[in-house]
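Chain naming follows the written order as A, B, C and D, and within any one chain the residues start at number 1.
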Amino acid sequence: MIDVLFFAELQETVGNEKVSMEADGMTVKALKEKLSAAYDLSLDHAMIAINQEYAAEDAMITNGDVVAFIPPVSGG
Amino acid sequence: MIDVLFFAELQETVGNEKVSMEADGMTVKALKEKLSAAYDLSLDHAMIAINQEYAAEDAMITNGDVVAFIPPVSGG
Amino acid sequence: MGKNYWITDKPIQVNDCIAKVIRPKAGAIDTFIGTVREFTKGKRTLYLEYQAYAEMAEKKLAQIGDEINEKWQDTETAIVHRIGRLEISDIAVVIAVSTPHRNDAFEASRYAIERIKEIVPIWKKEHWEDGTKWIGDQKEKTSYQEKLPTEEEMSDD
Amino acid sequence: MGKNYWITDKPIQVNDCIAKVIRPKAGAIDTFIGTVREFTKGKRTLYLEYQAYAEMAEKKLAQIGDEINEKWQDTETAIVHRIGRLEISDIAVVIAVSTPHRNDAFEASRYAIERIKEIVPIWKKEHWEDGTKWIGDQKEKTSYQEKLPTEEEMSDD
């Protein structure tokens, strides 16, 4: 199992800040596609962090990871 | 009579922060020369303010003016 | 004094941030303060809501401090960002950078605010008179359209 | 709240200066703080002494604020400079400039500190381990050797 975190408008669309799911061995890209379909999300502009570090599309997810979808940031 | 103010090292050399003197009708340049001689001051790098505004060498001094000799500033 | 990079849901005291970077070797501190502006291009903001991925945001703020220390000599940086509801004129972010000489302080704190808008997971929701919206990329000077950060941005070194 | 440009012989509270420029139209405040640095080129400072032609200095600080308002849009500036004896790390000067957008705030406050070192009648006496000296021109970036200020510098407009 992994935890997936959503923020900002993604969180509002999903209706949840965190979902737990099976994703061991998936790439970031595959997870994105799966969640895009499941929640009708536009993740094209979202960055992904695995365990609080930005990850590339081909990064592999393993059990226990915390994956966060990070829409374009607007702090400051 | 006018008041002449000295600051920083000029004040220390003159030994006074203010002297009163006759200078009606003198130019800044003439006053500079007079005070340079009187106090053995090097005023070459000093700016002059008349009544708190920077003045040019040929500006005329009139009774009641406050003239300040302003060595290179170093605030901040 | 605790850490130099933090997210808070309380009003920010500017001095808390400045105090962390004052030191004998420094002669200059540049402090950037971001406040909630009422009007943007004629549109009136009622209030803002900030959300953060707090743990990661604090790590990324610290990364910015590390980057600054690599780019300029002998710097000390502190950054605090507030989350939750902020009213007009409330302070959203404070960046303080101390350096021996002033030019570095200006450049470094300017760098910090640009980097915050690139890599720190914090989001702003505008509450206007006529609606709300989560704001995306707000960089004023450079475009940042790629969906992935650059290698440099992903690095935590 | 009183005036925006002042000379004081008391310790400076940074917030006093910042508070004067916070306003709904501003989204950015850049605050420059000058502190007493212990070492300059290997030479150790014990403490500093600042002297000012206070009335004129306040007028010249206000002039800098006017200049900023001409060069950048919709600015609010406040500047305070301390005089008397200052110890290491004490705050000598605080400049706060608020603007709608951040780039202007950075540029304007940088302009302000450069102008202070050109036209504001304040002097610093260094007390080193091995002697004392009134410091002259300290501009780090431009030379300023003429004995008279330029026309622009003499103008109070």
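We take it that contacts are C-beta pairs under 8 Å (C-beta built on N, C-alpha and C of every residue); 3 or more make two chains touch, one makes a residue touch a chain.
In this text the structure is predicted, and so the values were computed from the model without any measurement.
Number of steps on the shortest path from subunit A to subunit D, with steps defined by chain touch: 2.
Chain centres here are Cα means. That of subunit B falls 24 Å from that of subunit D. Inter-chain centre distance (subunit A to subunit B, centres taken as mean C-alpha positions): 72 Å.
Listed for subunit C are residues 34, 113, each touching two or more other chains. In subunit B, no position touches at least two other chains. Listed by label, the pairs of touching chains are A-C, B-D, C-D. Note for the complex: subunit C touches subunit D at residues 14-15, 18, 22-40, 88-89, 98, 100-103, 105-106, 109-110, 113, 140-141. Looking at the complex, you find that subunit D touches subunit B at residues 34, 50-53, 55-57, 59, 81, 92-93, 113, 116-125, 134-138, 144, 147-149, 153-154, 156. Across the interface of their complex, subunit C is touched by residues 5, 7-9, 11-12, 44-47, 49, 52-57, 68, 70-76 of subunit A.
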